[in-house]
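Here's a structure for you.
Labels run A, B, C and D following the written order; every chain starts at residue 1.
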Amino acid sequence: MTDAILSTHGITKSFGALKASDDITLDLRPGEIHAVIGPNGAGKSTLIGQISGSLAPDAGTVRFLGQDVTRETVRARAQRGLGRTFQISALAMEDTVLQNALLGALGASGRPWRFFGSALRNRPLRDRAEAALDRVGLGDVASVRTAELSHGQRRLLEVAVALTLDPKAFVMDEPMAGLGSEGSKQLTGFLDSLRTEAPILLVEHDMDAVFALADRISVLVYGRVIATGTVDEIRADPAVREAYLGDAA
Amino acid sequence: MSPILIAEQVLNGLQFGVMLFLMAAGLTLIFGVMGLINLAHGSLYMVGAFAAAAVAGATGSFLLALVAALAAAALAGALVELVVIRRLYNRDHLDQVLATFALILIFSEGTRWLFGSFPLYLDIPAWLSGPVTLPGGIQYPLYRLALIVLGLLVAVGLWLLISRTRIGIQIRAGENDREMIAALGVDISKLYTLVFALGAGLAGLAGALVGAIQSVQVGMGEPVLILAFVVIVIGGIGSIKGALIGAVLVGLTDTLGGIFLPELFKLFADPATATATGSAFASMAIYILMAAVLVWRPTGLFGART
Amino acid sequence: MSMKTLLAAAALAALATGAQAQVKVGMITTLSGGGASLGIDIRDGFMLAIEEDGRDGLEIIVADDQRKPDVAVQIADEMIQSDKVDILTGIVWSNLAMAVVPSATAQGKFYLSTNAAPAQLAGKGCHPLYFSVSYQNDNLHEAAGAYAKSEGYSNPFIMAPNYPAGHDSLNGFKRFYEGELAGEIYTELGQTDYAAEIAQIRASGADSVFFFLPGGMGISFLKQYADSGVDLPVMGPAFSFDQAILQAVGDAALGVKNGSNWSKDLDNEANAAFVAGFQEKYDRLPSLYAAYGYDTANLMLSALDTADVTDQEAFRAALAAADFDSVRGKFSFDTNQHPIQDIFIREVIKEGDIYTNMIVGTAIEDRSSAYVDECSM
Amino acid sequence: MTREAAVNAVILLLLVAVPGWALYADEPFTITLATRAVIFALAAVGLNIALGLGGLVSLGHAVYFGLGGYAMGVLASHAQNYTPLMEWPFVIEGTKSMPVIWLTAIVVSAIAALLIGLLALRTSGVYFIMITLAFGQMIYFFAISWPAYGGEDGLSIYVRNGFPGLNTLVPIQFYGLCLALLLIVLLFSALLARSPFGLALNAARQVPHRVETVGLDPVRLKLVALVISGAITGLAGALFADLNRFVSPTMLSWQMSGEIMVFVIIGGVARLFGPVAGAVIFVLLEHLLGGISEYWQVFLGIVLLLIVLSGKGGVIGMLAGRGRAHD
């Protein structure tokens, strides 16, 4: 546990009578992709919220890079190096692809209070943004308005914005959502190469992607982690088969 | 300062608050269901007062005048909803602010065009005039007492409407999930027109009720509108309960602040300066209350917390 | 810059006297928005006098200030810079007068006040080109104070809105009343509910009430006061009991005493002619403001008879002589160019279906203004 | 040159040419009208930074406009009466110097925007609109009832304040001064939109949660935008007071807030020259419609309604097509 980059310890969160997170303990180790799967309503989004800082747990702690960050804001965790992507693309649709990437670069620079000088012509910012775009293959469409991108391209841009931060860990909320098999395959390949840079906590519905990528899988049902293990262990786990995979298959 | 005076002032604050509630309830309902900010709500208040003054002048009946105020404001509301407002539901708040600001200009100057610049006459009926003696020897105008009772009745009626009727279910559904009510087979556009007319009618009723003890003139609605906004900010958007409690709080703060602050300033200033300065600060009291609530609970006392 | 009407006084008259120099008069007054009724009466009274006179070579430009100081300033700029008027007049409100008058007189234009006459302009800020034809703001309040004293009231409750004219009002009352007060409060400007104040009056043990609440505020107060069961005698300045407002107040105003320097039943020839002429032309009773407008026009016409407006010294002397038949009877100017006149007490009565006023006595004879000594003219 | 740039150039040309013509034709009042339009434009350019870039629907910008006006009124009235502003703990004298007055106006309105922003930005959406409106009303009432500086009557300044090297009493010179300030602020506004701050603010308007996840604070970005916006509107207020040589609580009224917003909307939100076009059109409408009918505001209301309902993004949007001003 001590070598975990990111971990939760018994976090619990209730909305009224509903326990959305029930004593969840899991960790993300260097170099791995740890997938969290579960049926709809299992509490995946609530879990992500608590890890990224937009929700405060009722009990339990969240640790990141050896620090207790349970009471820290989204912003503070981002500054520590937590890179997050959203299930529904959170992009400035009126702006260009490059401007969205520049926002990430600006966040990474930590110096937004510059009122003069063009952001587009700022070399360090631009280099960083373009590098990220190139990595996900969006270099060619840098000057296109984001609203005009295809859905798949927007998913890639989500990842690219997170990349500009050079994060120490990624938290990705269904990056494959809405992608066709082709797009899925492309993104899977990219994420596969990313794990050596920073580990990824991956919440995902696309089982092909999960089984292809994950080093470990945790299964969340009704706010509880019912099993954690390697792909093969999870496939073989009878509880999982009954609670989840049985119905899904 | 005698206990009787204080009791009377509390009644005054309550009466003021209850009338504010009639305004705020419509505003908060319209915002809750349609997500619309309506600056022209004060104009509907004015429409009610003018309709009441016109009908009272023609028939001499106060009750008919109240019915006319309710009907005229509701009708004006429905008309405005059909012609203008429904084009604004999918717009951002900025467009809503601007369009309803334009409506204020049209309503105000249009009313002046029709009725002239002179204030209209509207008085309380003989059977409600004069003071009554309450337990404890408090002399209090019967009409104001009637306003308090009527306002509370409307509050109860609204609560019943929303919690016990089909329309109420639709309204609550609309506040939570617009797609769901469409799925329930409710004609949304009809529901919206209805809610808007209801809110407008309440504003019109308030205008007529208050117009009878104040003056019926162009521009009477906007100061009340801004106070109703303060009420909503304090009570929480979309909450009828919040509107009621916020309105009473604002009513009491305004009335009691106006009395006690100048007295307070008299402790360390000469009377003339104290009354002037105290009054200056009293006029700010409700806004300070609002600021305090904001610091404590940014979405108001009963607003949905995000 | 609303409604700019060109009303050539003798528009229908022949243009035969083309050689005569044109005199241009700019009237800035409130014709729309709250308080428009006052401005309309000033304009109508003024124009009545101009029409009765019927002379050529006089052009009156009327513009609506919407009761906004910045609009008034803009109109004044336009009239001075573009229309090149010789005389300005017409403003209803003190705050608009303070915005317009000092800079207009500084630019060498005459200003004749038809209503507003703030203390500053009567005292330190008096100016050779500024004449108040109406009164000095404090006068009508002083009359109420004098009346309270003469009636033997010993404990009046006094109130006014918390703004400069409100402070002047209470000070004016106290200047001539000089006794004990049951209470003195300032209300919010634009306030419409007076339940709290009425409760204070009830609890104060007062023997009478003096209030100054212009426009809609006064209507609200009187209706609520009448319904409250508090039955103390009420007095105030004429503003709240004027012709236009009384009909909206109704029975609630009956019997109220108010200080005024004019009333429609003032017994003099000029007034009888004015009241009859106004009723005939506009089909309503004239108000105080109409009387001020009418007097202002006649004063101006009398001065134009004897002096050329371009000769400022001569024209000023002609104005100061006040050689015209005022509807107020006695009328002359003090050294600060504000009137010396009698101030009366009126009582609100009902004539048939119409609420109006009747003179019941004279409060102060030959009243000038409190600030005349501060004026260095 | 894009169509929008062409429209902007035409507006700019008009701002120079019309007063030039008025000077030649000896129509000084036209210059006064143009000055009014330019000052309103400046106020609206200020609002446009909060509104267009930051998405902050502030219905209380009259606060900053009025405070700017009072900065002028208070300083100049003390200078006029030869009384110091305060004597303890140190003496502050009034002044008739425009640059000092402008600086004061900017600082005072910026502080007001900071305080109001700290409270109002705890919320968003309609709450923000209502709260800015309510605080505006609070300051308005305070100004009316606070006796020290004229209350409802306002403050009259007999002679326009001075600027080194100019005779500000000459209409065209004062106009030139106002136009120069407008151009400087427009330039600043254009630079701001392109700057790193502008980029972050632009994103904070559209996707605040994204801005947070890159480690920036969207609320603080908006707060700074509101402060800059208020400061510019405050500067405009000081100029407006100098144009009229008068300041009163009317400048603080909620109708004034509405009008400043109307300038922005008529012209086009988030367009660099939108507020300028809007203010010019408003002053023209006010002047022309006002000449036709006493009830001209009915027509103003209808025109405004049509512009909003058409959804074309104001006059600049109609002339230059859809799309934001800054990419």
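Note that a contact is a pair of C-beta atoms (placed from the backbone, for glycine too) under 8 Å apart; a residue touches a chain by one contact, two chains touch by 3 or more.
No experiment lies behind these values; they were computed from the predicted model shown.
Where touching is counted per the definition, the chains common to subunit B and subunit D are C. The interface holding more C-beta pairs in contact, when B-C is weighed against C-D, is B-C.
Of all the chains, the one whose CA centre sits at the greatest distance from that of subunit A is C.
The centroid of the Cα atoms in subunit C and the matching centroid in subunit D are 36 Å apart. For the pair subunit A and subunit D, the distance between mean C-alpha positions equals 43 Å. Taking each chain's centre as the mean of its C-alpha atoms, subunit A lies 48 Å from subunit B. Within subunit B, the positions touching two or more other chains are listed as 109, 112, 276, 279-280, 283. Residues of subunit C in contact with at least two other chains: 32, 162, 167, 186, 188. Contact of a single residue of subunit D with at least two other chains is seen at positions 141, 144-145, 147, 295-297. Inter-chain contacts, as defined above, occur between A-D, B-C, B-D, C-D. Residues 27-30, 32-33, 36, 141, 144-145, 147, 150-154, 156, 158-159, 171, 240, 244-246, 248, 250-251, 286-287, 290-291, 293-297 of subunit D are the ones touching subunit C in the complex. Residues 51, 57, 59, 119-120, 122-123, 125-127, 129-131, 133-135, 137-138, 141-142, 144-147, 254, 258, 261-262, 265, 269, 295-298, 300-302, 304-305, 308-309, 311 of subunit D are the ones touching subunit B in the complex. Touching subunit D in their complex are the following residues of subunit B: 31, 37, 84, 87, 91, 93-95, 97-99, 101-106, 108-110, 112-113, 222, 226, 229-230, 232-233, 237, 276-277, 279-280, 283-284, 287-288, 290-291, 294-295, 298-300.
On subunit C, the positions that touch subunit B within their shared complex are 32-37, 40, 162, 167, 170, 184-188, 190, 192-193, 195-196, 199-200, 202-203, 215-217, 219-220, 223-224, 227-229, 244-245, 247-252. Those residues of subunit B whose C-beta lies close enough to touch subunit C in the complex are 1-2, 4-5, 8-9, 12-13, 15-16, 109, 112, 117-121, 123-124, 129-131, 139, 141, 143-144, 210, 212-220, 223, 255, 258-259, 262, 271-272, 275-276, 279-280, 282-283.
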